[in-house]
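Written out below as structure tokens is the structure these notes cover.
The first chain written gets the first letter, and so on, giving A, B, C, D, E and F; residue counts start at 1 in each chain.
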Amino acid sequence: MPTSKNKPGKKGLKIVIKIGRYVFSSSLDSKTLSAYAGFLRTLRREGHRVVVVTGGGDEARKYISVARGVGGSEYTCDTLGIEVSRLNSRLLITSLGEDAYPAIPVSLEELRKAFESGKIIVMGGLQPGQSTNAVAALAAEAVEADLLLNTTNIDGVYTANPKEDPNAKKLDKIKTSDFLKLVIDDKLSAGGYELFDPLAIKIVERSKIPTRIIDGRKIENIERAVKGEPIGTLVES
Amino acid sequence: MPTSKNKPGKKGLKIVIKIGRYVFSSSLDSKTLSAYAGFLRTLRREGHRVVVVTGGGDEARKYISVARGVGGSEYTCDTLGIEVSRLNSRLLITSLGEDAYPAIPVSLEELRKAFESGKIIVMGGLQPGQSTNAVAALAAEAVEADLLLNTTNIDGVYTANPKEDPNAKKLDKIKTSDFLKLVIDDKLSAGGYELFDPLAIKIVERSKIPTRIIDGRKIENIERAVKGEPIGTLVES
Amino acid sequence: MPTSKNKPGKKGLKIVIKIGRYVFSSSLDSKTLSAYAGFLRTLRREGHRVVVVTGGGDEARKYISVARGVGGSEYTCDTLGIEVSRLNSRLLITSLGEDAYPAIPVSLEELRKAFESGKIIVMGGLQPGQSTNAVAALAAEAVEADLLLNTTNIDGVYTANPKEDPNAKKLDKIKTSDFLKLVIDDKLSAGGYELFDPLAIKIVERSKIPTRIIDGRKIENIERAVKGEPIGTLVES
Amino acid sequence: MPTSKNKPGKKGLKIVIKIGRYVFSSSLDSKTLSAYAGFLRTLRREGHRVVVVTGGGDEARKYISVARGVGGSEYTCDTLGIEVSRLNSRLLITSLGEDAYPAIPVSLEELRKAFESGKIIVMGGLQPGQSTNAVAALAAEAVEADLLLNTTNIDGVYTANPKEDPNAKKLDKIKTSDFLKLVIDDKLSAGGYELFDPLAIKIVERSKIPTRIIDGRKIENIERAVKGEPIGTLVES
Amino acid sequence: MPTSKNKPGKKGLKIVIKIGRYVFSSSLDSKTLSAYAGFLRTLRREGHRVVVVTGGGDEARKYISVARGVGGSEYTCDTLGIEVSRLNSRLLITSLGEDAYPAIPVSLEELRKAFESGKIIVMGGLQPGQSTNAVAALAAEAVEADLLLNTTNIDGVYTANPKEDPNAKKLDKIKTSDFLKLVIDDKLSAGGYELFDPLAIKIVERSKIPTRIIDGRKIENIERAVKGEPIGTLVES
Amino acid sequence: MPTSKNKPGKKGLKIVIKIGRYVFSSSLDSKTLSAYAGFLRTLRREGHRVVVVTGGGDEARKYISVARGVGGSEYTCDTLGIEVSRLNSRLLITSLGEDAYPAIPVSLEELRKAFESGKIIVMGGLQPGQSTNAVAALAAEAVEADLLLNTTNIDGVYTANPKEDPNAKKLDKIKTSDFLKLVIDDKLSAGGYELFDPLAIKIVERSKIPTRIIDGRKIENIERAVKGEPIGTLVES
């Protein structure tokens, strides 16, 4: 029984939001966290059902660096990254108080059960080999989300790395197939994978999940995306 | 404490073998299964430590087709595929008897614990959005395998789809970066993804896992690959 | 604090329905599945709380046959049957969409927790040595059901196997003690156990669960049984 | 790969022993427990692999009686019985010290994994609706036991209840089909079900498990049964 | 987002009640249990959210004594005590019927998830080394309770053991720091630890949980404490 | 079956070592970690069976501070501390490679099962309300350790806080009852609880676990304690 998607701007949307390093930086602070929590609570009170995926941020990098120093495999480094992303989830859950589901799902099946609660679900990584961007896309697919927001610290997808190429142009829309090529060709430098990895793109494409890549450093950008405004880059399937 | 890799042809290798549709076809039969089980037991007795990843095969396709007919999402279809792949694992475990670990790992962490037993581990899919090829690569990374064998029903990677292009040439070796482009450009048709998906390639590359794609329909091909003979296509990181 | 049973025909019944091979046949099709799902949704909307137990059907037989071919024990064959019955549960859950609880209980304790959700619960087998008929009776006992419907492909319990004995007579009612003898004496041929096994009868008897054995191939039969009409065979404790 | 059964009297048998109320009586005492533990350790040191299933005994009866007094269902009463049987398991594990596996399996799958440890496994009930006799038979099937000993407080199966019928005769052997009729006809009174329930008989029959019903109050009886002596009643499939 | 505490006497309190040996004595009876269950249901219907922690009582002592007799460690004895306390929880859950959450939390995380259900949660011990008094304090902290009631068989905290010292005086209030000294100095004899152990005091203190120690043998005492009357001894942080 | 304790200095000891903040400081570095891992591997190769409990260290403090800033309860702060202590466990497991058990026990029961593997077990915190010192004592009790080493950044227990009181004297031995008073009276300042909390002392006392508090910053101190040399402070039960 497929549920027909609701359009952004409507009430009662199912929204998945990936929150990345710009919140979980080395200068991790309570004030920033509280601001995002406040916004998420507002979304819930407006009737939206929200899943948040937190990245590992700078703390993950720190732990991974020590692990590499003692000969840790890629598997182990990813495992540490996942565990730190869950610490970040816990912080956000704390900040959300009663509006958050108290446990962190560690599989998509657990997410689906937790989502039944009507509370805001916060989760981190799931498995080595996947970025938390991919987790956000998988979560969006699992709950049949109406909107996937990948919030990051740049304002959308560019034709090239804007820090290196002065002719790089921000795109208002991008097709999943073109996005995949950009990411694979690594035209976006290391930042490319951070924007969105191939698995994330594949999931968005196959399940036709309405997806935007936006600058999350200003909360109002996220608000505007929820309202359906043409902000950041729209990923079209 | 990184363990230095052993070379194929040596005793005591850690080997991950993906077994696909050619064994788990609609004409699923005990005789074929017993033959593969016999071979795997021999590997164990020669001192190798073996993980087998079974695909969903034709039964998975059947269940997925019914699920699509009742409006099942991609998430649900993949979930069914994973569950059927585990049924196939159970059949192989049965066929292996005392040589097999009795339970099917459902996460990489469980695989690592089961691998401590010294028995043959058999597992299926792990998560929606991943082919069992990707699972085989993840499993190889998790147990720090010396050899990953992707056994399928063609004898290696071609420059194009051999069924459509008479000039298609089998490759003895392929770099992960070139392989990724072939797969993404879909030059190999739908079969491309079946050979190896982008996630699998990424994992093989980052962990430098010695990998061969071979025709598994003749068991002696798998034997030869274990002995280090240049069969099928070698994937180079 | 025993809850007094509601009578069939009332609103708000707790109903357990066993659905067997006639739905999960080798020609497994979406249309049949959708029809049953539609009916179950209607029951829920009328205020009934429903648990469905799915059998393994023809697919289970196929897997079990291969397992026997490679020397699988009875334990293993039953395990495969349970796993296939859960695949069938998953198909029905998919077809039910939002009306179904998203996870399949694998113990009676899990069933009881899931039942708190108010959604339709779908489950398969639980343990080697038990038919899914027994599971349905155990489930009915665990949720203190007002009605247990064992739907099958004959229209009730006969005094003998109707296919072999032209004098076989359909019974409108049967006492659990008489039913047990019929089953044990195997007067009903192999079909006997399929109708209801000794464990199922014992559970129905000790917990005095109102139980009917009906032909489920016509959905209206199930409807009529829920309304309290005297269809099929009533099992009296 | 079916493992051929070893005969009682041989070394290295897989043995499942059901220990009942005669050990776990209301006068539960350390000395009795230590004596049985000592014997079980000896079995292990002789090379046998042992699974012990403990009944709920008098304590279970006490808890069940209170539960009935507050309106507890059959489901709940059985659940309490299972939990008390596991308390008894814990006592035996304590008494066995290092020879016992430290955890109590709560499913047959867990039993199979624990059995890999080579230690003595002790477990109680598994599921409402089953006696611990049935659990012992299921456990014997799951580990492919060479011998199942149901130890109780009478010296075998009688043609009728020996306490009521002076002509009751002890049987040296009984076929499973005849045993089933005796149990169903309740010729053995309430004690019948305690001896062996229908599910237990069905499992013994279908998996052809060599089974003896013996008086366990003298430890040497158990010893003699392990050695293959014709003590108690042999159940033939 | 800290929730401000509600005062006793208000509606909609979160209350944790420790129920001890005076209910779960060797003469465990249905009538007493039903009376407490009736009272707890009333609390729920008045809008309070209740967690009950049951002690092991006399049955725990019995099992522990046998365990010591076979050489059981402190760890094992505590484990048995925890398991018996959960049997007692099960009895109370049975008595509460539909008002109780059907499963017994075995960790604080599970408690928090179960608490979302709005039903009465009943739990026993959690870990060796902790009394169920400490569990009650931990539970109160985990659900951010407005009131913790430690019900026992004396009417509060005394300056000395009232059975031995005729000058022992009941205290209306006691500071956590003074209470800790009384307990540590063992001035209260063996009973001291039973009243409240150091871990319980530490938790009450650090989370400023309003706590009363009262005589629970009369249900009206518990009622009065919930209404905010100055009964028993108030523990001040 | 109580196992008689082995004396320090013997081969084949069961040893539990608590490793604290001096290794997991804010300047977390691979070199220090590798040095401790090397030492632990040596212990294993000498035949000792080792459990290591890692504290949360400076990272835990960082996360807890942010949690407090967003209104996190004591429960939540402790939960974060536990999770960070497990990250530290993971780092040490990585550093130990094949000598470590790959999973982190999250309960004492899991510890006991993992301990059967013969590998080095590394674990962090277990439950809110407990320091990792208490976890180390509980772990020592659970595995019936011959030696518990609480390694810290001072060289033993003093009569008073040596930083504040020039007359503070290091003790070679301390009785558990005296130690408890020192800790409760807070004579050791905040550092007191870090040395050893009341729960840890209670466990050491009741199970008579040979315990030393030593300066772990020099690995040779730990070596000497294992050999039975009179270093640091011996805690006597």
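One rule holds in what follows: a residue touches a chain if its C-beta (ideal position, glycine included) is under 8 Å from a C-beta of that chain, and two chains touch if they have at least 3 such contacts.
Not measured: the values here are computed from a predicted model.
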| item | value |
| --- | --- |
| Steps needed, at minimum, to go from subunit C to subunit F via contacts | 2 |
| Neighbouring chains common to subunit C and subunit D, by label | B, E |
| Interface residue overlap between copies subunit A and subunit E, same or different (over half shared) | different |
| Subunit B and subunit E, separation of their C-alpha mean positions in angstrom | 55 |
| Subunit D and subunit E: spacing of chain centres that average the CA atoms, whole Å | 38 |
| Intercentroid distance (Cα basis), subunit F paired with subunit E, Å | 30 |
| Contacts with 2+ other chains: residues of subunit F | 1-2, 37, 70-71, 95, 97 |
| Chains touching one another, given as label pairs in label order | A-B, A-C, A-E, A-F, B-C, B-D, B-F, C-D, C-E, D-E, D-F, E-F |
| Contact set on subunit B toward subunit A in their complex | 1-2, 70-71, 73-75, 107-108, 126-130, 134, 137-138, 141-142, 144, 180-181, 184, 198-199, 202-203, 206-207 |
| Footprint of subunit E on subunit D - complex, ascending | 28-31, 33-34, 37, 59, 62-63, 66-72, 76, 79-80, 83-84, 86-87, 90-91, 94-95, 97 |
| Footprint of subunit C on subunit A - complex, ascending | 1-3, 109, 112-113, 116 |
| Contact set on subunit D toward subunit F in their complex | 37, 95-99, 101-103, 117 |
